[in-house]
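Chains: A, B and C, in written order; residue numbering restarts at 1 for each.
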Amino acid sequence: MSKFIDRMAANNAQNGFYGQDILSVSQFGRADLDYIFTVAHEMRVLVERFGSADLLHGKLLANLFYEPSTRTSASFMAAMQRLGGQVIPINGVQYSSVSKGESLPDTVRTLESYADLIVLRHPEVGSAAIAAQYCAKPIINAGDGVGEHPTQALLDLFTIVEELGDVTGKKIIMVGDLKFGRTVHSLTKLLVNYDVEFTFVSPDILRMPQDVLDVVKAAGKQATITEDVHNCIADADVLYVTRVQKERFADLAVYDNLKDRYVVDPALMGHAKPNMIVMHPLPRVNEISYAVDSDPRAAYFRQMRNGMYVRMALLAAVLGKA
Amino acid sequence: MSKFIDRMAANNAQNGFYGQDILSVSQFGRADLDYIFTVAHEMRVLVERFGSADLLHGKLLANLFYEPSTRTSASFMAAMQRLGGQVIPINGVQYSSVSKGESLPDTVRTLESYADLIVLRHPEVGSAAIAAQYCAKPIINAGDGVGEHPTQALLDLFTIVEELGDVTGKKIIMVGDLKFGRTVHSLTKLLVNYDVEFTFVSPDILRMPQDVLDVVKAAGKQATITEDVHNCIADADVLYVTRVQKERFADLAVYDNLKDRYVVDPALMGHAKPNMIVMHPLPRVNEISYAVDSDPRAAYFRQMRNGMYVRMALLAAVLGKA
Amino acid sequence: MSKFIDRMAANNAQNGFYGQDILSVSQFGRADLDYIFTVAHEMRVLVERFGSADLLHGKLLANLFYEPSTRTSASFMAAMQRLGGQVIPINGVQYSSVSKGESLPDTVRTLESYADLIVLRHPEVGSAAIAAQYCAKPIINAGDGVGEHPTQALLDLFTIVEELGDVTGKKIIMVGDLKFGRTVHSLTKLLVNYDVEFTFVSPDILRMPQDVLDVVKAAGKQATITEDVHNCIADADVLYVTRVQKERFADLAVYDNLKDRYVVDPALMGHAKPNMIVMHPLPRVNEISYAVDSDPRAAYFRQMRNGMYVRMALLAAVLGKA
């Protein structure tokens, strides 16, 4: 493993994340993304060859989840443990005295007494930034309500890099609920760092918000807005799917009319390029048919695994061991 | 510890469990049982001498419990940790987004992205088999409703082996609720691999089901059915006790008449052989009196400990390290 | 680290805690306190220099919490993990089959089959002592209702030692709810081992109970009882704050009249000595103003950290590795 350790040491020399909080995708410029993805790729190779390493042996992560999120929580736990670190899982804080009256700042100041860094999931926008103000140890934002979930956006982008080799020149379709879907907003803000073309596919009432469209425009990228995925599927390199929720529609007739146009099934896949990829942040309900799972272009479970690699890279970077 | 490691390596050469799922006792023939019990005994010696080992260092277990079972969950965690591995505990899934709409196959495919194997407790019969179909990593069934709980049956049988030296020629009494008690069904199916005699003691309405009796008959083993434990206690090598639940009786007068005949107390133990053993899957309520706990023949807490050894053996075998 | 290991070995020779239960502050004489605090200080140095050690590598702690207490639970987990040990967290037992009918003795006898020691939090007074009767492995009481919480009292006293260098000759003010506050009772009982002066500040209806005052008197220590913290703040070396709860007052006018007299704010701190310390068991609500947090005399977050060091010392001592 000495070759890996050497490469990690070389990576670390470029590491600007040591001791820093990870709060927002807006912290990540192109050089930061390149750095994190280089380390994440090393983590992938490390796990595929050796399963785990002892890079973070003796380090402790407090995994503080004010709302349940099995997927994200388990991904951070696995990332820390595969690097030899240990985890204090704090789930279901709502049942505990910590939540009865104690302020978030006091809770994080208590936990930083015990742990080397804190991963925080909290239902309120801005909570991670508030926690970070009071905490001397690094905070990683694992989702603050309708605010940010930066590690999700990073793993989405990393998946494109790993699957397609490069982001440059790619045609990205985002389909489904683009209004309320936090993941597509954050991913779009990261993708404008690259030379890409966007197509935003949604029912009119679930259109991509103007502020995100403004970011795309300011970066000089091209974006097409449409209601029909069939028009654009043939050119896509990436089809990023999110769920259209029935409860968003006042008029259910509108929903019933639209819903089948946004289901990814083998028929739709038949129109796509052989080397495109289908992504989804999961959990899915029925917006991607199970028959697509065996298609090699179905990247969503590999995307989950990439989440672990990206979180391994961030944990190592923040603790100065990448 | 090198002697242990050598013996482990020798054991491993006979290991047919590497990468396999553990779903049902019906997977285990006599040679498999001999193999697992040999390894489980090694694990016992290892824990008694050294406390733990680093055999599974760097390996991750996802402990996925859809319903609470502190005993089984803690036993698997301890087994993994005593072998140097780490655990992602996923309890109370009912409170989490994972359970809201996401299918079991999607959940296990997500978790196999993070972990090296999955232990699954789920309330529905057949769920472990379904999970295993979708999961490339090994699944260990830790109870699927009224279906199977194979590690319980294995630890029960291992306890007989460890306590009595051998199973051959032993007289096994099972007493209590033989109709609904999953553990006695599974244990009986394993015991027919050996030359044993059964006595099934229960109220008539809680008799051993016909399909289990058919297995006994097909294997050419002798089984006596009775309502009175006093008639057979003197000859018993093993007295396996399960709880008779009041709520199973429509006529409470029947229950009141019967209940004391199935309580194991010092008076009953006075009629038993000096080297017989009393077993119970726990938790007990009042079917074994606390006064029996100090009797050296009370094997039920040692049985708990054997559960850890058997699970250590299975984890090591499935991960190719036994 | 060899110097540390040598010092640990030397400490261990004086260790009377090996294999013992930690149930009550009444177990701790002056020599025991000196021993535990010496080891806790070593743990502090160890964490500050190395982060963690492998002293308890391969050891398992069952962290059994019948009621939630994120702070105490996380502190014990961190203490065990920083010493290289592993933890089986058992939270929310109320939702599990363990609690439905199974007795505490049976539960701890099951858990001692898996783990090397048990930390127990239970809502009933005396539960830790009952558990210890049935358990061959050490039990550490992490709070038994209105009974004892000995590790809290030890960390409080250790904080005075670490912050002020010595306890001898110190003037200790305890302020707030002295009637129902378990922590101030236990701390007082430990402090009478030293040459100290007490001032107990509370509303009359929340006075320090007579049995605690009797302990102070029997030890020949001086205690002043008052309702006003302003009278005594100038001389204090330690100001130990607990919360006055509105719900303790039948007449809310009495509460409204008193409540501001017990809030520690910068104005009050202006009257205190430059090297005094403010302590609080946390969580706080509003009895210490946030503006005090940046005052170097605010010791309550360092107190949290000391909790981890004291628990590391106890875990190591009980497992014979201090």
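The rule is short, and it goes like this: a residue touches a chain if its C-beta (ideal position, glycine included) is under 8 Å from a C-beta of that chain, and two chains touch if they have at least 3 such contacts.
No experiment lies behind these values; they were computed from the predicted model shown.
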Expressed in ° and rounded to a multiple of 5, what is the rotation angle of the C-alpha superposition of subunit A on subunit B? 120
Report same or different for the subunit A and subunit C interface, where same means the shared residue numbers exceed half of all residue numbers found there. different
Between subunit A and subunit C, tell me the centre distance in angstrom, where each centre is the average of that chain's C-alpha atoms. 41
Sequence positions of subunit A contacting 2 or more other chains: 86, 89, 92
Given the complex with subunit C, which residues does subunit A contribute to the contact? 57-60, 62, 86, 88-90, 92-93, 95-98, 100-102, 105-107, 109-111, 113-116
Spell out the residues on subunit B that touch subunit C in their complex, using ranges where they run on. 50-53, 68-71, 74-75, 77-78, 81-82, 84, 86, 89, 91-92, 282-285, 301-302, 304-305, 307-308
